[in-house]
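Structures given as structure tokens follow.
Shared between the two complexes below is chain A, which has chain B as its partner in the first and chain C in the second.
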Partner chain A sequence: MVGNKTLLEVKGLKTYFPLDEGLVRAVDGADFEIQQGRTLGVVGESGCGKSVTAQSILRIVPPPGDILEGELLFHRYSKEGDAFSMADVIDLAKLDPRGREIRTIRGNEIAMVFQEPMTSLSPVHTMGNQITEAILLHQETSKAEAREKALDILHRVGMPKPSQTIDSYPFELSGGMRQRGMIAMALSCHPSLLIADEPTTALDVTTEAQILDLMRQLQEDLGMAIMFITHDLGVIAEMAETAVVMYLGKVVERADVDTLYYDARHPYTQALLRSIPRITEDRRKWLEAIRGMVPDPYNLPSGCPFHPRCRSAQGECREVEPPWVEVEPDHWARCILYADSTTATAQG
Partner chain B sequence: MPEQKNQRLLEVNDLKKYFPIKRGLLKRTVGHVKAVDGVSLYVNEGETLGLVGESGCGKTTSGRCILRAIEPTDGEILFNDPDTGWVNLRELEQEDLIRVRQHMQIIFQDPYSSLNPRMTLLQLVGEPLVINHGIRGKALEDRVAELLKSVGLRPEYLRRYPHAFSGGQRQRIGVARALALNPRFIVCDEPVSALDVSVQAQILNLLRELQENLDLTYLFVAHDLSVVRHIADRVAVMYVGKLVEMGETDEIYPGPRHPYTEALMTAVPRPDPRASKDRIVLEGEVADPANPPSGCYFHPRCRYAEPICAAEPPVLREITEGHFVSCHRAEELSLIGVA
Partner chain C sequence: MISFIARRLVIMIPLLALLSIVSFTIIQLPPGDYLTTYIQQLEAGGQVVDEAEITRLRAQYGLDQSVYVQYLKWMGGIFRGDFGRSFHWQAPVMDVIMDRLPVTLILSFSSLVVVYVVAVPIAILSAVYQYSVFDYFATLFGFIGLAAPDFLLALVISWLFYLLTGAMVTSLFSLPFRDAPWSLAKFVDMISNVWLPIIIIGMAGTAGLMRTLRATLLDELGRAYVTTARAKGLSESRLLLKYPVRIALNPIFSTIGWLLPALINGGVLVGIVLNLQIIGPALMQATLSQDMYLAGSIILILSVLTVVGTLISDILLAWLDPRIRYGEAN
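Let's look at the complex of A and B:
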């Protein structure tokens, strides 16, 4: 089932928020692809634009934010026997965010799981009602059938005693159970792409391990692609095949996960990997901290936004927008260090 | 007090904190949430003890009870006061408590809600000095400026308000305030969990630097096991209000002796795609501290459980020197850790 078929192509995405305090370039140049049935990791610190990228794909960017530039090419395949053939390509960026077409895609072909299961579930509806709502909206079924489907999906996500929890309200469930409920809701219409925005950040480690295991299992069974957004480099290493690193609205590096962790080229990725404490590491080593802090979004540095904190910064970095360079086949970095050659060597 | 304690700074024996559950019109107590249920631990002078566990396990409550920031229900909190020697904090009158607590401070988790937005840095950091030593005017400004410098903030910031600072800088303000009275012992309650990855390392390095320079002792309460591995000399693991394991960090991480510690350590996602994916995924949920299971609280989720585990609660015992475990089968099990 899993082939090397492109499901979503994001090209030059720019999503800006014109606010009274100034223009916030929340996403300012994001390029990546998601393959069918695979997992793409999106990693970055708060304010890097990873969540707004997800909101742009689903066209749920809160006003006054809007997509200014770029293409979001969503490939739809129709299933013929065991083989897939491409049916059509839609540019999500061109759709009316309130129109019919995006509404048939949103929650149906592309679904989302949010970070805070407590705030993103309705407190006044039962789990069952919230799941059947999605099914009734997108599929032509009776209420009884929808409830059957909801029970089935709750069972699949490993919800304990689904026939009871289906009539529970979110506040009656634990954090892990609520997140299972969220995933059940997202998967109720068998989407081809699941966007998971920090789905395990609010959970404890042992619950996180359960949810990560579950997501891997469901991907194997249902074959959906996952866009996994997180700030946790450990989670990306476990879940994703390829990953993009974002900093201040820009994708600064993109590679398969092994290359990214063992042969990172962008100074930000390198610094990030060096600065995190590791559970396997010798105690009492000094951490190599990144100097300074993430700048204010209204007042971004000129040139490369990372230059004030970068160890390898040169004079030019202050003025020149760094180019997006393919440093190795399928390994891209946005840095002036690689502007001239496409086979530059790693900086360690 | 016994002599062998001369290297110890703090010793906690059988600490308990029960919160009553009140129901009905008359608000009668119908039960208790046993948030901390018989915790015994010690902290040696100059070291960092990491106190880890999942949310609701009682680690934060333990930290606060030790300072008597919340009143413990029962237990002994022995502190080696530099002025008077060993004291039991639980028996102290308010006046003595205030004096002893000059040596014991706390750094909070959330640098956004733990700083009063209407106070300047001078007021925030200087408040403990005004209250305890009555320092005012120029002397106060000098001391606060010095404190700000020691945590990597510019002394010119004295008259600014916390809103002008980023999360990392605010946490530095919190650290400066905790240092104001030259404490011996600091409870660090999740001091980096609200910070961005790239800023965490700065604060962890700062805490270590201060420890070396000022000879501080930390109780480091955290849920992030990678951070604790990095900062703590010894680690204590809690589960549903009880201590399940305590010992040297370098011993426990590669070789845990309690099944819960094993699950906790191996569950942490590792930032290395080539790392071993061997892990113990626990079934079920953390037990309810208002209605815990019989015997060992962990037995319903434990893959090694035997009938005795449901029948008898295990006691914390020293299985090798300095390594304490509360498990009936600690000696016979061979568990995996993180090397």
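Let's look at the complex of A and C:
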């Protein structure tokens, strides 16, 4: 099932929030691709625009936020025998966020798992009700069939005693079970892309490991692509093949995971990696932190937004928007240090 | 659930006994009794009151007995369905109440329905389109409705009604029907008059419910489960009704039981201003003239309804919200 076929292309995505206090450029230039059946990791600090990027793809950005620019090209393949043939490409950014077309994609072809499995599930509806709802919405099945399917998917996500838990309310389940239910809900219609927005952040480490294992297993079984959003570089290393690093709404670096860990080019990525504690290091040494604070979103620094905190900042960084440069094949960075590279493009 | 209801019913028995004592005590609190007030009225009218006559009346009404005996006699009667006699109306208390009950219930019930039917949709639209022109209008109306006292509203509206139509709102019935027994024609006549009191009595309730529901709904609309439902592909209207509206309505529907006493005793001031033959004004008059059995009986009925209403609310809440239902089981 896994082929090197593009599933989603995000090109120059800009999602802004015009607030009373000023314009917040939540996503201000995101470029990446998600391959069919593969996992893309998205890393960054809180407020860097990871979640808004995900919301933009599903077109569920909360008002007053809206997509200003960019393309979200979603490739649909129709299955004919063993071969996949490209059926059509649809630009999600052009769809009416309340329209029928995007609603047939949501929960059906692109599904999402949220961070807080407690608050993200309705407290007054049973797990079964919330899972079968998606199935009944997107597939023409009877209620009894939908319940069968819900039981099957609950079984697949390793929910203990599915025939009991299906009639449980979320508050009766543990955090890990709730997140399993959430994943079951997202996978109930066999989406081709699963967006996981910090799915393990609210869980303890043991449960986190179980959920991560489960997601990898399900990906093998069902073949969906995963966009895995996290602030945890360790989780990315475990889950993803390629990763993008975001800072203040911009994708600053994109590479496969190994390259990113061993040969990071953007000063921000390098600083992030230095701030991870290592078990081999001298324990008396101070852990390195990125100096300075994340700037106020209403007053972003001019030029490269990272320059006030950057070790390698030069005078130019204050004025010039850094170019998006392919520093090596399939390894991109948004930094002036690599502006001389031959493949520099003028993209914002 | 059944054991929960049974337990609550058992607790109600001593509670109601206590309530009856409290009701009776309240009635006895003002100095004097019905006869003192009656004599004052007669003397104010320049009549001479015969001492022997007073003693005779006092014995006839049982007012010469001790408070405990009066209470026990009254309670004994209630168990036989006899709430005592109203001094003022010279009739059994039950007759005085039953006389007013149909109109009272029709009036209260229809204003309640109007309150919910008007307030719920406006509140939903107001919350979903927060800070829209519609929301501002609804908010303005809500503040006026909450701030304006109902008797003032009754005066202003009936004055406006008079200016516009030349007719006076004086009662629920047109003159020919006022003393006639119930008939279809009388009912039709009432329908044509009842809308005005309904609007006035319902105004404050509508405004209050609207503001409360709008606030709760705004709270719920921002919750993560709404985003989850949207990410599932549900249409906006379906997800609104199934998730946030359902959850925001829970506390409101579950407090419906509390409205039970208000159904009987609602609109006292409006009733007085518009001269409506409902129970509220009768209670007020009875307390003023120390018509103790009438006042006591109405207060007792209101207390019983409050207790029953609270039980109904608790049952509704448990039924609507699984979090409470299961909490009880554990």
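Just so we're on the same page, the second predicted complex is superposed on the first by the 337 of 348 C-alpha atoms of A that agree within 3 Å, B and C clash if a C-alpha of one lies under 4 Å from a C-alpha of the other, contacts with A are read in each partner's own complex, and residues count from 1 in each chain.
The definition used in the following text is that a contact is a pair of C-beta atoms (placed from the backbone, for glycine too) under 8 Å apart; a residue touches a chain by one contact, two chains touch by 3 or more.
All figures in this text were calculated on a predicted structure; none of them were measured in a lab.
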Given the touch rule stated above, what does A:A111 touch, chain B (first), chain C (second), both, or neither?
second
Where does A:E133 make contact in the superposed view: on chain B (first), on chain C (second), on both, or on neither?
second
Thinking of the overlay built on chain A, is A:L58 touched by chain B (first), by chain C (second), by both, or by neither?
second
Touch check for A:A237: first (chain B), second (chain C), both, or neither?
first
Chain B or chain C: which reaches more residues on chain A?
B
What is the contact status of A:L121 with respect to chain B (first) and chain C (second): first, second, both, or neither?
second
Given the touch rule stated above, what does A:Y169 touch, chain B (first), chain C (second), both, or neither?
second
With both complexes superposed on chain A, which partner does A:D258 reach: first (chain B), second (chain C), both or neither?
first
In the complex, chain C touches chain A at residues 223-225, 227-236, 242-243, 246-247, 250, 320-323, 326
Can you check the complex and tell me which residues of chain B touch chain A?
54-55, 166, 168-169, 196-202, 204-205, 208, 223, 225-227, 229-233, 249-250, 253, 263-265, 267-275, 277, 279, 281-282, 284-286, 338-339
Which residues, counting only chain A, touch chain B once they are in their complex?
45-46, 160, 174, 176-177, 204-210, 212-213, 231-238, 257-258, 261-262, 271-273, 275-281, 283-291, 293-294, 309
Complex contacts: residues of chain A adjacent to chain C:
58, 60, 62, 98, 103-108, 111-112, 114, 116, 119-125, 133-134, 137-138, 169, 171-172, 182, 185
